[in-house]
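Listed next: structures, encoded as structure tokens.
Two complexes, one shared chain (chain A), two partners (chain B, chain C).
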Partner chain A sequence: MRQTVFGLQVVMLIGLYLFLYAPIFYIIYVSFQTNNIWPFPPDFSLHHYQSLLGLRDFHAALFNSVIIGGATAVLSALFATMAAIGVLRYRTRWRATVAGLYLAPLFIAHILIGIASLIFNKSVLGLPGNLGSAVIANATYATAFAFLIVLAQLARYDWRLDEAAMVFGASPVGTFREVTLPLIWPSVLGAAIVSFLMAFNNLEVTFYQVGATPTLPTLAWGELRHGISEELYALTSLINGAVFLLLAMLYGLLRSGVLRVEYRD
Partner chain B sequence: MVALRLERVTKRFGRVTAVEGVDLEIGDEFFALLGPSGSGKTTVLRMIAGLEAPNQGRVLIDGADVTPLAPYRRRIGMVFQDFLLFPHRTVAENILFPLRMQGVGAAEQRQHLDWITQLVRLIGVEDRYPHQLSGGQKQRVALARGLVSRPKLLLLDEPLANLDRELRREMEIEIRRFQLALGIPFIYVTHNQEEALTMSDRMAVMRAGRVEQIGDKLDVYHHPKTRFVAAFVGANNSVAGTVTALADRLATIDWHGHAVQARAHAGLAVGAQAVCYVKSEKIAVEAVADTDTRTQTQTQTDTGRAAAAAITGTLRDSIFKGHYADYLIDIGEGREITVSGPPRSDLFSHDRPVVLSWAAADADAFPADPEPAASREA
Partner chain C sequence: MIGPVAKTLLLALPGLSFLVVFLFMPLVSIVIFSFWRTESYELIADWNIDNYATLFSDVTYLTFLVRSLVMATAVTLTSLLYAWPVAYLIAKHGGRYRLVLILLTAAPFLTGEILRVTALQQILGPIGLINMALGHFGLAPIRALMYSNVASWIGLTYLWMPFMVLAIYLSLLNFDFQLMEVAKVNGARVWRAFFEVAWPLNMAGTVIGCVLVFIPTLGSSLTSQFLGGPNGALYGNILAHQFGATGTWAFGSAMGVLLFAVSLAVTLVLARAVRDFRRAGITIKEG
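Here is the complex of A and B:
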């Protein structure tokens, strides 16, 4: 009886993982195969990747995606940290409202952010769509995500440490540099990495801003219009690979203790 | 010499007045601010440090008005509750933090570090991190950080609250030693009267944002000026009754047929209700052989001691504490009185009739006005 239950649990676990990852791993598997229509039995090949490297726009797309991801990460982590510190330090009765308004962009449809930013930038600010406006548009919802991450960590920070630093002669800037930042930077970095990944992966928001300028997701989207091309397998696998690599790096840093997420001794 | 002066300092948080019109003058001494939680003592300390700005009044250090100055311009040392050591810095970095912020050179920093680690006995742990230290070591690091820059004064905010009893005793004596060695004012906030009485030269007792009494610690202990201080400082017993006579600064109070005498404080009137406080070590207790104690009371207490009160009771329990003992005595009417004194063999049998007495000068009578007596802490 007990064994049957355990067996059932294992089956459910595997089933759930298949549900979550089967399509992704199938694409990654196919990207290394010669035949992408029926890739069985396995026949290892890198020709998808070779044709991807030969694809016009691939390098530009990769570069642009990294730029959008990186700039969004910096902007969002900065805004989110300032917002979280403000929300935690000023204990007014409006606190919940203030925090809620920082989080609301999480629930706005990305396509709406994309279209709205395009129209607003063009009609009100008179700005053309480009990488810069893509960064700004992506930073709206990414800031909300980053805020959530920084807030969760910062809620455990003991602000009396800042008071101690000030009594011992540190100016507000000195206090932030000497005490606050060294203790909270893991959460700021975490928020930056998540923001990077979200902007790096984003299609809907970015698409409306950059027009013909390629990014990895818009390139994949564009390729799809010609049917499932060979490069697409390699492209999607690479994007995923990069994302997982970054997450694995973060995890490794946390495990090794280079990054520490606790502040109190 | 007055190192610190507070002039009519008031602090309000919203509609709550935390500190109201506090005046203090502190010289190069060990000064304790004693009060129950919520009495405003920590707020006073935070205003001296600059962590709170007073709504009214001024803070002067060495005669200079520092009221508008930010904390980092005041050059004050402070020891916090929970130590608040910087967890990402080593012991040496923690201790040297104030000097580094003041831009002191490396060689001089080294000298200060050697001096202070010797003073607070912290040698050999300079490269450790706070989480690797014991409670006592953390306390010493916190003290070293507070003193390393030779500040104009040191503020201590319940620094011993999180230490165990043994360590607290040891640190009380150490901290007192540092004050004598450095000769700067130590201002020590605590709700623990034992700490205040052990370490301080002078003390102020605070209650509900105001200073109730300020003075030499022995004076505060032996001569309470308000009912609150009488109830809060020391181990106290109280009996309440009607004032039957007032003369020569002495009040006579009728407690269920017993005439109890005590020093009269302002506001007493014949016929009004009064409360009489007497510290447990100032009560004499005598065993009575006969069970019919009431008739013997007068003769028993007439032992040359200026007995001002004599109350009969029954010894309920003796609590032996080594060098002294507490005797719990039921005096009827639902009252129990605690007497402290040297351990005595004749007072270790329970349910023994006893008679209690104390000198009028050792008891203090206050009007039993509506204000409630202090609920004692610690």
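Here is the complex of A and C:
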């Protein structure tokens, strides 16, 4: 009985990975083929990538997406790190409320964030839709994810290190720069990377903010309405590849100890 | 010197003000605008409840809402049934590979909805891998995979199940698996031990997972737009439409408010299943 249950669980785990990764690996495979529909036997070609480079707006879209991702990452990581320190270091009765408010965006559908920001920016603040408003709208839910990541990582941080530094005369800012930040920055970087990727690839929130300004997801959305175009094979593969490379690098650095996270257990 | 309360609030203040101004206030504003009307793409402050009257009297909108509710329930249940055994396996037997195994389930999420739907279309659609392969071997194509609610269901499960696995896994990290052995030593069979020990003690993780899958699915529009076909439109598609071609923002606001209210109601009902979050597996470790 026990063996059967364990075996079934292993099969289900392998099944989940197949389900999650088969579409991704297949589209990467197709992106290097001449025939999109039945690419067997393989006939390698780079023409999908050539048409992506020739796509109008591709460079502008890539640039805009990097800006949205980068600015969102900086904002979210900053807000999240400050709040996580506030919640974990000073154990006041406000901490549950603060944590609840920071996590609330996780429970709001993206389409609501998208339309509410659109209406509010235009009708109340009088702001036009542009990259700036896209950054702001993406930073709402990204802050929640970043907060969750930093909070989980910092839960094991030993705040006595900071107290020790203060006892020896370090200022609060000095303590943060010399003691806290060097120890916690891998978590902050992790939160920033996740925020970057979410904002970079977001469509449902960004779409309502940017108007006619192209981003990679809005470009992909426009293409996909006419079926998967040649460029889309290359774009999907490139972004999937970049995401996994980034995550693998982060993981490798953490594993090898180049980025060492030292907490008291 | 300022006290610890002031320090917590001071550190939380920048992010909180940001969230209040750019998330909570916009959400309140759509409640207000839902009682206005739209005229040639402009919001007019002419207070009325016509938007809600239309929303609740026109069967069309309620049909889409019910369809989305059914879809969200189906996707949540599928994810729940599949995620529990998987999360349990990783948490209990993952050992030093636990982190890699769980990150592998979460990583595809970061490539974003539109690209994941694109990759799925290459598998499920009429010229997708599955039906092309069937055709190649002389078999009939599976119609359910091409532009249908079944395809949307598969797509939404594909998109959001990682959240369920992650939530249950995080809850199981704080679960003492020896309790299961204690139950078995005392004569409980595997399933009874599971339903009387592991399940109730990890109720919070389960509920958070369910909410994290249910809410985005209820409001989803992209998956059904590209996989659902002509009869696959969901509430999110009709909502998005109000902000596209028709430009009926006030009515769209009312649809948004209804979506938010339903999401909140479902969250509250599910949260009642967890009376005490601390006993149900959620602990913030004392540092």
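In this section, the second predicted complex is superposed on the first by the 249 of 265 C-alpha atoms of A that agree within 3 Å, B and C clash if a C-alpha of one lies under 4 Å from a C-alpha of the other, contacts with A are read in each partner's own complex, and residues count from 1 in each chain.
Heads up, the rule we're going with is that a contact is a pair of C-beta atoms (placed from the backbone, for glycine too) under 8 Å apart; a residue touches a chain by one contact, two chains touch by 3 or more.
Note that the structure is predicted; figures quoted are calculated from it, not measured.
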item	value
Which of chain B and chain C A:Leu197 touches, first, second, both or neither	second
Touched partner set for A:Ala234, first chain B, second chain C, both or neither	neither
First, second, both or neither for A:Ala83, with chain B first and chain C second	second
Which of chain B and chain C A:Ala134 touches, first, second, both or neither	neither
Which superposed partner A:Val210 touches (first chain B, second chain C, both, neither)	neither
Partner chain(s) touched by A:Leu62 [first = chain B, second = chain C, both, neither]	neither
Which superposed partner A:Leu16 touches (first chain B, second chain C, both, neither)	second
First (chain B), second (chain C), both or neither touched by A:Arg91	second
Which of chain B and chain C A:Leu183 touches, first, second, both or neither	first
Residue contacts on chain A - larger count, chain B or chain C	C
Doubly contacted residues of chain A, that is, touched by chain B and again by chain C	158
Complex interface listing, chain B residues touching chain A	49-51, 70-72, 74-78, 80, 82, 84-88, 97-98, 101-102, 129-131, 145, 149
Touching residues on chain A, where the partner in the complex is chain C	1-2, 5-6, 8-10, 12-13, 16-17, 19-24, 26-27, 30, 37-38, 75, 78-80, 82-83, 85-95, 98, 101-102, 104-113, 115-121, 123-124, 136-137, 139-140, 143, 147, 152, 154-159, 194, 197-198, 200-204, 208, 217, 220-221, 224, 228, 232, 235-236, 239-240, 243-244, 247, 251
Chain A residues within the chain B interface of the complex	158, 160-161, 163-171, 174, 178-179, 182-183, 263-265
Complex contacts: residues of chain C adjacent to chain A	4-5, 7-12, 14-16, 18-19, 22-23, 25-27, 29-30, 33, 43, 82, 85-86, 88-90, 93, 100-101, 103-105, 107-108, 110-123, 127, 129, 132, 136, 158, 161-162, 165, 170, 190, 211-212, 215-216, 218-222, 226, 236, 239-240, 243, 249, 252-253, 256, 259-260, 263, 267, 284-285, 287
